[in-house]
Amino acid sequence: MNDFKPLSPTMDQKIRESFAAQSMMTTLGAKMVHVASGTTEIHAPILPGSRQQHGFAHAGLTFAIGDSAAGYAALSIMPDDHEVLTTEMKINLLAPGKGALLIARGKVIKPGRRLVIVQADVFARTEGKDTHIAMLTGTMIPFAPV
Amino acid sequence: MNDFKPLSPTMDQKIRESFAAQSMMTTLGAKMVHVASGTTEIHAPILPGSRQQHGFAHAGLTFAIGDSAAGYAALSIMPDDHEVLTTEMKINLLAPGKGALLIARGKVIKPGRRLVIVQADVFARTEGKDTHIAMLTGTMIPFAPV
Amino acid sequence: MNDFKPLSPTMDQKIRESFAAQSMMTTLGAKMVHVASGTTEIHAPILPGSRQQHGFAHAGLTFAIGDSAAGYAALSIMPDDHEVLTTEMKINLLAPGKGALLIARGKVIKPGRRLVIVQADVFARTEGKDTHIAMLTGTMIPFAPV
Amino acid sequence: MNDFKPLSPTMDQKIRESFAAQSMMTTLGAKMVHVASGTTEIHAPILPGSRQQHGFAHAGLTFAIGDSAAGYAALSIMPDDHEVLTTEMKINLLAPGKGALLIARGKVIKPGRRLVIVQADVFARTEGKDTHIAMLTGTMIPFAPV
């Protein structure tokens, strides 16, 4: 529960369509499994084609789903006709991305008319245990229709 | 020209093999086109499967090649038996990734035994013109063999 | 409550002496009001000499106490003879530092032998109400005695 | 030389007055020694009251002058009636701040109507030799008069 603008059915559908239109999410096998007012959750398998040189999840995968989770968390509290873009995002990598599945949870830290500050945490699930592998903090810019 | 340890043939080969072992780079169509002492250059087409919802390069692609360019720049100045890992990376997105090709140039800002500070700049090439689309700064940790 | 190494009386005293030895904290009027295993709290008045051009808390003040709160949170879980240094810190400024007092709360996100990932949140207290004005995330390097 | 809007006499005076109005800069003994279109330079002695526990420059000092150098670089290319605020700034600390004087050089990486991306580099001068001790990258938001 939070104090953000509630998620409208229009925005819920808009987020799902926008996510589906990101071909990178399809390439990575990522799915949006949850979206609510100010929070999201994205799951992605660690596909054979998403790995770094030691066979773990590539930081590009971790970043991609963390950034998307954070961005859609920001979008979820915007007016229905707005868009958001990432302007900056820092990722701290906490542990190797071992296992079969990554889980990214995005949330809004501070809403704003001009900027929205967001966070995402990424976990690697292996044998039912989740390890916190990355923390992202960043800034989204809202865009109103012209 | 810089004052870093020169790139040995052993390290040159090690970097090319490590890059080739990153299945994510293959998925993204990325190629290491240059590596020298403290600098690298990676090219990646903006594939149909690497896009965000407006058809531009996904930030995950921009991050993935920028992070790799920065990481291999750090590795290039390490002793031949060392590895490096990204511990943190901030990306500032400067412009949309429009066009057909992204170019990431990595460099070492400050070498160190315990940490190496790195930077990467990413450009989008369209009709022969390069636009600076992202700046990344981050930290790599060297690992010696155990 | 957390799973970090408990704070020993030796470390508690070491942290208080280290804080007292930071002349910048004295200049800024900052006080360490709490330290436990993995968490700290620092208070600083917004002195007449700590302001930016509009009369609010200078970002340098906000950063200084946030960085110290995060650093001592990391130190609190180290062996008694270790030190830590900040290697990188990002600050997201969320709101102007209005009021009479800033409060920085530091915590450890991920302990490690080679690196400790930390966070600090800074609040401005005005008429009994606390506003979240900054979020800092960063990396501390532990140093063992040589 | 760069392609940014030239610095007007009005803006030059505005920047100097704004800097003088930052009481924190006075507390730290900092001086704006150069301002041009898209670049600035600030000097600060490492005062007895600006130190960390080992007697070196406190990261709060390094951050404060780096942030100001970056911010005024952004302001220098704005229309005369605009202001800017820092929204985020990452600092990578490269070496201890030893010596008598810190020098911060700010520059604009990417101008914009809604956001300006900036960088600052901080050097410690000791016996005539400058050591690169910090790199800052961040984002400034312009504000037009209401």
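Just so it is clear, A, B, C and D label the chains in written order, and each chain counts residues from 1 on its own.
Everything that follows uses one rule, which is that contacts are C-beta pairs under 8 Å (C-beta built on N, C-alpha and C of every residue); 3 or more make two chains touch, one makes a residue touch a chain.
Model, not experiment: these values are computed from the prediction.
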| item | value |
| --- | --- |
| Set of chains whose contacts include both chain D and chain B | A, C |
| Between A-B and A-D, the pair joined by more C-beta contacts | A-B |
| Maximum centroid distance from chain C, chain identifier (CA atoms) | B |
| Centre-to-centre distance between chain B and chain A (centres being mean Cα positions), rounded to whole Å | 23 |
| Centre-to-centre distance between chain C and chain A (centres being mean Cα positions), rounded to whole Å | 28 |
| Between chain D and chain A, distance of the C-alpha-averaged centres to the nearest whole Å | 33 |
| Where chain C touches two or more other chains at once, by residue number | 87-88, 90, 92, 139 |
| Residue ranges of chain A touching chain C (in the complex, touch as defined) | 90, 92, 94-95, 109-110, 117, 119, 132, 135, 137, 139 |
| Residues of chain A defined as touching chain B within the complex | 18-19, 21-24, 26-28, 48-53, 58-61, 63-65, 67-68, 85-93 |
| Contact set on chain C toward chain B in their complex | 87-88, 90, 114-115, 139, 141 |
